[in-house]
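Next come two complexes, and both contain subunit A; in the first it sits with subunit B, in the second with subunit C.
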Partner chain A sequence: MKFPPSFILPFTIGLLFISCFLVIIVGIWISELSKIDKSRIVHNIFTRKSLLAIRETFSESLLHRKIFRKNPVLGYMHMSLAFGWFLLIVVGHIEAYIHYQSFSVPAYKAIFMRYFITQQSITLSGKILAASMDLLLLFVLSGVVLAYYKRMNSRMFGMKKTTQLKTGDRIALTALWLIFPLRFLAESVSAGVHHNGSIISQPTGHLLSSFLPIQSVEMPLWWAYSGALGLFFFALPVSRYMHIPVEVVMIFLRNYGIKVQKRIDGYSRIQIYSCSRCGICLDSCQMTHAAIKDTQSVYALKHIRNRKITDEKLFNCMLCGRCQPDCPVGLELNSLRMTQRIESTKEYNSSYEYLKNGKVNVSPQTEVIYFAGCMTHLTPAIIKSMKEIFAVADVKYWFMDEDKTACCGRPLMQIGQYNAAQKLIDHNREQILASGVKKLVVSCPICYKVFKEDYALPGITVQHHSEYLLNLITDRRLPINKMPLRIVYHDPCELGRGSGIYLQPRLLLDEYVELIPIQNEKASAYCCGGSLANIKIKMNERTQIRDKALEEYCNYEPDILATACPLCKKTFAKSRILPVHDIAEIVCMSITKSAEISSKTDSEILCKNVAIK
Partner chain B sequence: MKHIVVIGGGIAGMETACALTDAGHWVTVIEKEEQVGGKLNKWSYLFPDFTPADKILDALLEKHSEKDFSILSQTEVLSVNRQNNKFNIETSGKQKLEADAVVVATGYELFDASRKEEYGYKIYDHVITSADLEKLLLPDGDLSVAAGQNPKRIAFVHCVGSRDEKSGNHYCSKVCCITGVKQAIELKKRLPEAEIYCFYMDLRMYGKNFEELYREAQEKYDIQFIRGRLSEASEKIDKSLLIKSEDTLSGRPLKMNVDLLVLLVGMEAGKGTAKAAAACSIGCEESGFLRTSDPFLMSNFSEQEGIFLAGSCTAPMSVNDTILHARSAAQEVNNWLKKNN
Partner chain C sequence: MKDFGFSVIKQRTIDYDQFDGRLLNEVLEMEPSFKVCLSCGGCTATCSAADLVSFNVRRMNLLLRRGETVELETEIQKCMLCGKCMLVCPRGINLRNVIMLIKKSIHKYKPVNL
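For the complex of A and B:
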């Protein structure tokens, strides 16, 4: 038997190394999953979900549809590299199977096929395959050229910023950039030597032979190509390109219903390794408005992965989630950061012994539990409006946190004090269940999210007041008097992106005022800058973030800036640029002052609104 | 004869104008309100000795009435332009004035307490500001809360809109501490049965007889001072107020029911000062108050040659400090005019 040429060694050893490495590490991660998650895999692996995962892998990992939607050039770059490379491997193997008339062709023979084939292919199918391989390589090379260009000028790709690289990334990136030009050169030179090749490699080989001693450069070029491949495989585990194999695993697990938990487990590691560090999240992050440029999701995940995360970076984030809809990999960026916060935080002395579960005395006719929330207690105009609305709609309610109640627990959870939060949750939960009331209405989206997600409240409907007020209208329990006011609605992060409530506040406002659609709304809505989740940011930086958001809102010249969160209201109201009101206040304004308002002109109304507070 | 334009007809502007007239200059005061005297019109009694404010105001205005200078009331300055060695001033009344020097005496504005929504000003019936209370302290002022009943328990909140990063005002307004002590004593005199509490961060009794008054408030009038900031207030059905705070000396959270809540509002540079700064192209500090060339020796000089500053447009100031600052402004203007001609 003839020994294969020695240049295949770097590639073969690299391939062997990376295959073993991936099998071991993914095995470890999967073994770290919780029992429930493991059983999810077992139950779902032979179902439609696997097919869905394959489809998603195809459309996202190879075609990069999400990136296409953001910017076609950027999408093309990713697609040509990923999908092009994938096809090169697949078509190359098919070509090899046909050529050698066997399925047991070693990988190197398929990858370096042009070296081993010294004759011109004579069959039509052989010619077509060879030509398509040439075209595919050209397709990938076009992506590489774009990638070179993007490093130098990211704006062309619709991105303001691109990520900073570390050593492992640099090695892998250089290797990746070299692989395809070297392959092209090696194949062309071989085509020149053997006078074969296809539509592109043949003329290129011919051209190269006119001025290069191609006989003597052939071997070094194949060595270089194989070396670049080997280098890439060895650099892969320490580079961001780990996302290529890990993302596929992640897509399957996600389709099986696995989610990031409140502790670091195999799945959260898989998610962390699935980050491609494309840097698309940098553009949507508002921290850059305050010139904070090193705490964004891409960097947080990188530091978590390298175990170099500092509190300074981990906690300097609003958890507004604005980066999440833009993530082409669909990572749970907020949950990952929360999990790491829980991991990095020491539990403080949170005995809460003074919290006593007194008797809950609620009359059986009570329809609703009203929980205003601590922030709403700092914006009493909202509470006052809710009380008036309850009176008008004749709702019998129990004001749960009128006097003294524990916090809902969400702010503690956001800063990583999970156990402390859990104690408050248990305390409140007991009271809610003891009341026997079946509906809980909350005025603060921060509370709303934790009630919805972390309180187990069987049989109890939890509603934000925007949902509840809309229900009151559909039940015809509230009068409607449309006011001639132009309103911009600011989506609170915890209500919008956090809980998916975009529609109800808009429907509600539509009944009472004229709602102006704006550019950055719903999933891409701004954060007000007041978030409790950030314990590192300075007040002046919050102001910069807030003012940038207000700048857009002011462009629409609204009479009122409406929101549905007491914290957003407080944050925006401080600027004094626009009158800011909660939707409950606007509803209350209409049902109590409607007659007076309708006879006034716009400017008078504006003054009046400020006074109504 | 030199012509000097004074922007602002409060006590600083009027006192400067008066002193400059005495020195033999021709002075025009531009006042945006109908009446001169500024914020002093809104005050009833002055610390630390309860002098009626109108007594001081009358005395100042009487002095002014003897002098011959013109007052353009209900007028605002639109622009101030330097041409050669003169200032061309355009007003909202379409007058064009030419001046040799300008004195900015635009004063301050009170902090709008409704910006601290958690205290419920303009939301709850019985939350008032120190300025509101001042009117009620006049002999005919009605202090009663619901159903003609006098308040039994009253709380004062210090530093509302001062020394407060969240409202954007980092500075101390200087006069509210002693105003709170003064008003607490006056209330106690009017309502001897009432319990009075003051919630403070520090008490800054910087002036003559201030500390003595503070001691008297505690010893003679039994006013309780609690170190702690109010976190929130909520209204009960009977319109009384439940306030939450922390007693930081005993380290305990505290809740209290009161019938009347008084917010000791701080001073802000205000729109008038901002407009004057823009018109005169002179700088403001981060606080919004006007920047002086030197805090020690040139506290009446702006960054622009020939434009001078007087009174509380440069920093929060009491009435007596304002009068002194105005007089020194007049002297600086006079010296400058002599030196430059």
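For the complex of A and C:
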């Protein structure tokens, strides 16, 4: 029996190691999933969802469509490395199967084929396959060259910043950068020795043979190539490149309907390991406007993975969600940070035993429960406007938190105190249900999100006042008087990205003022900097974030900056650069104006009548 | 001790020689903005929890500075973290962080014999 050459050892041992490691670790993660999630896998594995997952794996893990959309050069770099390498493996195996006329060819024979098959192919298909292998290697090498260049100049790739690497990453990155040049050299030298290459490796082999003792460097080069592969496989578990295999698992589980829960489980670990640390999230993060550069999602996930996350980093994030739409892997960045926050504060949940529900006295004619929210109580103009609007539209309402009401619970949740928040939720929920009213209108997007998602209010419609006011207009219960005002609308994080309400405030404003479209709006809207989710940020840092957003808004020279959140209003108003108003105030302003006009017209008519008489 | 003719209520006595300032120092180190508190009481005036129960953010500050950790622990549980205090604070103190720091660290500094 002929033993294979010893240079295949680093590759073979590495491949064996990484295969076993992946089977064990993914097995552990899947076993940690909840029963419902496990049944989701069982029920969906043989359905269309698996096909969709395969399609997504192809388009995102190999072709990197989302990165292409961000920047074509960056997309090309990722695609050439991922898709090119994938094709090299696939085409290499096909070539080996054809040559050996068997499917039981060991992996090393396909990977190091140019070493084992020394004669040149004589068939046309063989020649085409060999040529395409050469071209594919060139394709991958073009990606490697771009990757070298990206380390030096990330701006060319549309990225302002690139992530800092740790030791494991450096080893794996070096191995990855070496694999393809070494393969090219080894194949070219073998082509020079055995005349077996194709359109690129053969001329390169001839060229190398003119000045190199190629016969003596052939074996060391194959050793180096195999060594680089082996090193990459061994460094994989401690590097960011774990995302390559784990992302595929994540895509399948995501397609089966599995989501990040409010606790650390197998799926949250899979998501954490799926982060490629590409650093695209760094660019969209507004914390960099305040020179905070080490708390972004990419670093939070890295520290969570390495179990080195500190409160200073975990809680220094506004959870604005601006990074989430940009993530090419589609990770649930906010939810992942939340699971960690819940874990970090689970021992400190208060019980709020002092909360006692009194009798709720609401008249049966009441149409609406109005919950202003804590923040709205600090912006009384919004409450005043809402009261006037209710009066004009002749709406009977119960002002639930006019006096002595518990917080909605969302600020506690943002810090991770879900159990404590539940006590407040139960307390408020009981009152809402006892009132018997079927509509709840909320002025604060922070409250709106929690009422909508966590309150479990069967039969009760929860609306933010932007939705509600729009409904009142549709029902012709509010007068419309368009004012000659140019307005920039700031999407609050909790209402926009948090609850998906982009359209209603815009439709509402369109009725009353001239709305200016801006660059960073809707899903890419700025955070005001006032977020309650960040308990570590300093006040001057909040101001820096706010001012940067205002800078852009001022470029459009609006008469008013409109928003739909009391906290955003309060944050922006402090700057005194632009007049800031909530949409309720703008609606109220218009109503008062139209009332003034009509009373003026009435008095003019009266005067005229008197004059005639 | 010199007798001034006044009686001293034993439970309310704070012996500064026995004063345990570890929690205070930790909080001030982690959240330096708390050093500039001028005890204006704005936080207490706006507090949502204080509407429902006897809770006083300014008193919490006092308890912390006196090292009265047992009372402080009971008091701190009442906060709903709504953030109104932070918005009205004229000194821009990050009070929610102060509360969380105390919540997380207080068990380390509680007297064991109590």
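Simple rule for what comes next: the second predicted complex is superposed on the first by the 590 of 613 C-alpha atoms of A that agree within 3 Å, B and C clash if a C-alpha of one lies under 4 Å from a C-alpha of the other, contacts with A are read in each partner's own complex, and residues count from 1 in each chain.
The working rule: a residue touches a chain if its C-beta (ideal position, glycine included) is under 8 Å from a C-beta of that chain, and two chains touch if they have at least 3 such contacts.
A quick note: this is a predicted structure, and the numbers were derived from the prediction, not measured.
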Handout entry: Joint occupancy of subunit A by subunit B and subunit C, clash or fit
Key = clash
Practice task
Classify the contacts of A:E402 with the two partner chains as first (subunit B alone), second (subunit C alone), both, or neither.
Solution key: first
Exercise for the section: Have a look at where A:K570 lands relative to subunit B and subunit C in the superposition and call it first, second, both or neither. Expected result: both
Fill in the blank from the handout: Chosen between subunit B and subunit C, the partner touching more subunit A residues is C
Practice task
Using the superposition on chain A described above, determine whether A:M539 touches subunit B (first), subunit C (second), both, or neither.
Solution key: both
Exercise for the section: Look at A:H377 in the shared chain and tell me whether it touches subunit B only, subunit C only, both, or neither; answer first, second, both or neither. Expected result: both
Practice task
Considering only the touch criterion stated at the top, classify A:P411 as touching first (subunit B), second (subunit C), both, or neither.
Solution key: second
Handout entry: Offending stretch of subunit C which, after superposing on A, collides with subunit B (from 2-10, 20-28 or 38-46)
Key = 38-46
Exercise for the section: Take the contacts of subunit A with subunit B and those with subunit C, and give the residues found in both. Expected result: 377-378, 403-404, 539, 570
Exercise for the section: Would you tell me which residues of subunit B are touching subunit A in their complex? Expected result: 114-115, 117-118, 120, 122-124, 165-168, 231-235, 242, 255
Practice task
Flag every residue of subunit A that touches subunit B in the complex, lowest number first.
Solution key: 377-381, 383-384, 402-404, 539, 543, 570, 573-574, 576, 611, 613
Completion exercise
So, in the complex, the side of subunit C touching subunit A is made of residues 33, 46, 48-49, 51-53, 77-84, 87-88, 92, 94, 96-97, 100, 103-104
Problem - Complex contact set, residues of subunit A against subunit C - result: 311, 315, 345, 348, 350-352, 354-355, 374-375, 377-378, 403-407, 411-412, 415, 417, 424, 530, 532, 535-540, 567, 570
